[in-house]
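Sharing a structure here in structure tokens format.
Letters A, B, C, D and E name the chains as they come in the text, with residue numbers starting at 1 for each one.
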Amino acid sequence: MAMLEVKDLEVYYGMIQAIKGISFEVNQGEVIALIGANGAGKTTTLQTITGMLQAKKGHILFEGQDITKVPGHKIVTMGMAHVPEGRRVFANLSVYENLKLGAYTRKDKNEIAQSLEMVYESFPRLKERRNQSAGTLSGGEQQMLAMGRALMSKPRIILMDEPSMGLSPIFVDEIFKIIQQVSAAGTTVLLVEQNAKKALAIADRAYVLETGKIALSGDAKELMNNESIKKAYLGE
Amino acid sequence: GCGSNSGSSSKKDADKYYIGGIGPTTGATAIYGTAVKNGAQIAVDEINAAGGINGKQIEYRFEDDQNDAEKSVNAYNTLKDWGMQMLVGTTTTAPCIAVAGKTASDNMFQITPSASAPDVLSSGNGNIFQVCFTDPNQGIASAQYIAENKLAKKIGIIYDSSDVYSSGIEEKFEAEAKDKGLQIVSKAAFTADSKTDFGTQLQKAKDAGADLLFLPIYYQEASIILKQADTMGYKPKFFGVDGMDGILTVENFDTKLAEDVMLLTPFAADAKDKAVQNFVKTYKEKYKDTPNQFAADSYDAVYALKAAIEESKATTDMSASDMCDALKGAMTKIKMQGLTGGKDGLTWNESGEVTKSPKAVIIKNGAYKAM
Amino acid sequence: MSFISYLINGISLGSIYAIIALGYTMVYGIAKMLNFAHGDVIMIGCYIVFVLMGSFHLNSTVSIIAAVIGCTLLGVVIEKIAYKPLRKASPLAVLITAIGVSYFLQNLALILFGADTKSFTSVVHIPSIKLAGGDLTISGVTIATVISCIVIMAALMIFIKKSKSGQAMLAVSEDKDAAQLMGVNVNKTISLTFAIGSGLAAIAGVLLCSAYPTLSPYTGAMPGIKAFTAAVFGGIGSIPGALIGGILLGVIEILGRAYISSQLSDAIVFAVLIIVLLVKPTGLLGKQVQEKV
Amino acid sequence: MALLEVKNLGISFGGLRAVDRFEVEIKKGQLYGLIGPNGAGKTTVFNMLTGVYKPTDGIIKLDGEDLVGKKTIEINKAGIARTFQNIRLFSQQSVLDNVKIGLHNQYKYSALTGILRLPKYHKMEKEMNEKAMELLKVFELDGKADFLASNLPYGEQRKLEIARALATNPKLLLLDEPAAGMNPNETIELMDTIRFVRDNFDMTVLLIEHDMKLVSGICEELTVLNFGQVLAQGKTKDVLNDPEVIKAYLGE
Amino acid sequence: MKKANLKSMNKQTKSMLITYAMVIAVFIIVEVMVSTGMMSSLMQGLLVPLCIYSIVAIGLNLCVGYLGELSLGHAGFMCVGAFSSAVFSKCMMATGMNETLRFILAILIGTVVAAIFGWLIGIPVLRLRGDYLAIVTLAFGEIIKNVINVMYLGKDSKGFHFSIKDSASLNMEADGQKIIDGAKGIVGTPNQSTFVVGIIIILISLFVCFNLVNSRTGRAIMAIRDNRIAAESVGINITKYKLMAFTISAAIAGAGGVLYAHNLSTLTALPANFGYNMSIMILVFVVLGGMGSFRGSIIAAVLLTMLPEVLRGLADYRMLIYAIVLIIMMLFNWAPKAIEWREKYSIKRMFGKKAKAEEVQ
């Protein structure tokens, strides 16, 4: 059974249909990349999965349970985390408070402290700035915070919306390493990326989204060699 | 009878007198409008039960104006559409002036139970009459009474500067008191927006050594003043005017605090007078409340209308304007006792002003006692 | 001497504003809405106590507890019916709905309890303190109000800083969607905020009516506005700000009334507010929200 | 003479020295890149150049005119326009109107002229529409002139922001991560557009970017910031091969 | 996708023309009904107030809908306009000046004085943001009301006398005439506000607002609303345009105030007519009518002013019902569920493809 299964999903903004019936699945332990041009509907898909948007049609199953109509906060409690587009850090709270909120669904104080240490280890800059209000961080720093905050919930599956956006080249590499580590530690990853090359490099499988429909899917390495993909998304 | 508003159709039954009333029954001053509405209703019911005026029944309808001039005019127009021939109202002063402008141009007969400013009368063309004292009269009468009876040497005043009634009385009282050689040692105002805390005003009076506090205000505020003065340990004499009437009926108010309070009022709900007692009884039965002077004035207003109609022989089929011309003349001829007539009864002069003698009462053991 | 007595009056009035402002600021800070109906919830709380004590002859403690429960429920219900459906709408729409609710409560009270003013019996049984040979009196209500004010403020601050629900409130106040992504139940959190705010309103109401013993359907309106002003004065959203703002406002109002003009006391209060905001655009303790470019 | 001359620029936030002794000279017509690790202070430099932040010390000269202490609008009038790292469009207005707002100081008429719709109003509006459409065409947005700005996809929003900045007729255009959120193909398109703008509008461009393809593709010179200080400066090729830069920023 | 359309010019012009047409049509219908005696006294009495609230709502919409600043003090500007013009009319009544000319001058004076107040208040206030601005405008409104309530102005053979204590301290000669008498306000202003004048002022206000928002100035104002920082970055003078919009908005409210002052024979500054409650009421018109829609403001002002009058039959329950209707209207207008429902059953949908095709165009 797939860990996350999306079936015939359709999503609207008012009268406008953004997602036109897509289906895909993510298996336990996989890294799945979701790529596509601007406005293809990647963000919309992720937001619908975590309950920020409501689906008009179709179903979303998480570990066999239908979560299409489950309120967002419960989905998170079930073990799903989401690094949202545009970072969405709590601007007036400190870095530390942001991270603590990341662990909102968890109870054990010691384990939370451990996770905090791990996040600080992955993102030393955050440790350095732990008392700065998140709103005054630089763009890249905020991106790290958003990522760290999601990891604080110790999710079983993490949805990431363009985690490398606005990061310096050296840190983009770092972020992809972190994603791999996260995956290696047993967390399933659903990754939305503009940086298709790097995403496909670490992904097991990938789906290509075009104007609200899945245009192509398959093994990540194979897709990387697919001519049309190369042309459209890898800039070669 | 049934509620005054329900079942009213604008289709006119030509064989009835149409009397309208206006006042606030919602909003912060709803209490006055409600009293006027109920007082008149009792009079109408009595008259109708006793066979009407000249054998014709009265149709009565009351409209809410929220104590707002503009809404008052709306209420007036609604009543006009309904077929009103004469108006009992409006209850409060500023709206009354606005409506007076309209009744004057429509030549509609208007008798206000309670709008007491002189401007009310001067806004009309002789078509407006008051049942209550005018404010200056009350101020002057109060000052005279205090001076004649040598009630105090040093006087403090607390009044509502945002209220036409209160500031009107205060102004004349102050002038008259000076003439009479009374010493006003403190004068403090409050406004509609801050009428729950009088600590400062009381402190001022206390500091100035006032041994009598003149309170030309309504009883709601007076009840707080009495309570706060008590808490402060300040015990001057209190002297009120007709607005003070009602203080003993404030629900849950400790009437001991009102002991020895003096007031000038044309109406006292526990007067021995039989008419008053009947009225109070009916009112209590019907509205589960003790009537105040507004209710009494409005009751008298309806009876004044009855007297004037009978005097002028105005008929039900007259237009409002004809009716007005007829009643205008009759008003100055009638004389009635009413509930608020005091020892000399009620009479009116051409400008619409009432002549009646105020009673000075003092509260003893939770009841009014003539002084 | 009279100055000190004015000061005491001011603190007494101010601490009542402060308690109301605490509820205001709480709801504003978290739900980001101006709950103009807050003052009217206060009024309902007073009527509950009034009726329970007057008609049912319950003792004051029981009545107060009942009022707190009643107002809490009322707050939650209002939130559910009138505000929750508008969660995604413009804040102005919610403001208008709040005004509708305010009118509704006022007119409901008018019909249920009548227009006439009731005299409210103080529920505070602390004796008043006499100082300076009886020239100065600090009433029991004042003492009770000041103490409850400080206790409530401290409790709220600890609650928000330390408790999990408090953390959730902070998150919701910043970004509802992101809060939900943290696993915070946004609706529940906002309901809780309203519950607390309205419960506080009941306490505020009882103290208000004990200090200024009168009750009518419009009792809550003006104190509501003043408390809103106080909350802004102290920096809206800031809990200690509400306390300081409330007390200062009360003191300024009373001193202005005593020494400048009793008719212009409100104008003076508002003028001071404006001056403070011009110097400190986010109120005395308000956070200057930095918008990073 | 250099168009932009910055000397010894610095700013602190509380205890944090975000930018320190920053210097740069940009010649007219250049395509200049500002790069550096996250939090190095690049956006902060932009904010000081445009008067959003007041530098604690230093000199900023545009065409010889000192800009330190001036307000954002004065600096814009003096000739600097910018885009933002997190897009800031007039989201409730049409694409066309966004550009027309950019033309605000280019085509002036008084409020009264507008209210009374005097002939000048009609003339100016016509010219504005033409000019705005011309600009939109450059970014291939002319077909979407009547869309609401917030309904454009991300990449096009970035382009619209550039078009709006250009509309203010600047001498110097500052772009903060123009390629963020774009896929490689879109980035290539963007590079062409930036070049086109430089050539056809006679523009000088200073841009911040993390996408090395774009930086190496179009920037002629670079400054690298690290912890608020200049780490390297010079020809793009040289800078990108500087071991210090590789270590601090590029990796591998 | 929603379009702001290149036809935008056309669409805006169209909406503008519809609004003008609506106002004029209503005017004609009303005139016909009045002259044929088909209109009740109540409705006739309401005509001027309806104009007044429409005008003030138009003015406030400029401030809230276009400038994006929440003002809770517009009743204050109304108040200023009302009192300044009433003082003028009252003073001139004795001089035998031509009545029409006097009224035109009164309108100008009220409007200009309100504009000056708007400008003066705007300078400090517009530095604030959001709810802070709201409370300060509320505060100004209350101050204005409060101060007017302690103003005493009289005129006698020696000229004007002024006091803020009481009318006795005016020390007037016997021939003196009180003009403003503290809380008692002004009594005896000429009743010159008519429906025709009201309609003319509505049309002028609409003309000013429509043309303003569709001009360079209007775009600048909206740019500030949408994104202040970006507006600055393209060289828009924030203070200037904020102040301009605020001042015009205040001036229009002032014109409404002039009509108010000349509608009834008494003018007092009470909480009910010039307090924050009135400001809020006007805000309700604006929000309910749709921010940015002048036509909506007029319609909402008319409907909501008439509603309590229509509900008179319900006696004391009417204000309760009014509150409920208000809440329901807000929910119906703004709740996402309701919006969805409306879209589903909207007339446009019913007529299906045709309407839709038009929209996609």
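We adopt the following convention: contacts are C-beta pairs under 8 Å (C-beta built on N, C-alpha and C of every residue); 3 or more make two chains touch, one makes a residue touch a chain.
Predicted model only: the values in this text are computed from it and were never measured.
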What is the set of chains touching both subunit C and subunit D?
A, E
Between C-E and B-C, more contacting C-beta pairs sit at C-E
Farthest chain relative to subunit C (centres taken as mean CA coordinates):
D
Computed over C-alpha atoms, the centroid farthest from that of subunit A is that of chain B
Using mean C-alpha positions as chain centres, tell me how far subunit B is from subunit E in Å, no decimals.
35
Cα centroid separation between subunit A and subunit B, in whole Å?
74
Report, in whole Å, the distance between the mean C-alpha point of subunit D and the mean C-alpha point of subunit E.
42
Please set out, as single numbers or ranges, the residues of subunit D touching at least two other chains.
43, 52, 84
Overlap residues in subunit E, where contacts from two or more other chains coincide:
1-2, 142, 146, 149-150, 229, 316, 319
Residue numbers of subunit A (touch at least two other chains)
136-137
Inside the complex, what are the residues of subunit B that reach subunit C?
25-28, 30-31, 34, 161-162, 188-191, 193-194, 196-197, 199-201, 203-204, 207, 220, 223-224, 227, 231-233, 250-254, 289
Help me check something: in the complex, which residues belonging to subunit E touch subunit C?
64, 70, 124-125, 127-129, 131-132, 134-136, 138-140, 142-143, 146-147, 149-150, 164, 229, 276, 280, 283-284, 287-288, 291, 316-317, 319-320, 322-324, 326-327, 330-331, 333-338
If we count contacts the way the header does, which residues on subunit E are in touch with subunit D in the complex?
1-8, 207-208, 211-212, 214-220, 222-223, 225-227, 229-238, 244
Applying the document's contact rule, which stretches of subunit D touch subunit E when the two form their complex?
50, 52, 71-73, 76-77, 81-82, 84, 88-97, 100-102, 104-105, 107-109, 111, 113-117, 121, 124-125, 128, 145-148, 151, 164-165, 167-168
Would you pull the subunit D residues touching subunit A in the complex into a rising list?
13, 35-40, 43, 85-86, 153-156, 177, 180-188, 210, 212-213, 248-252
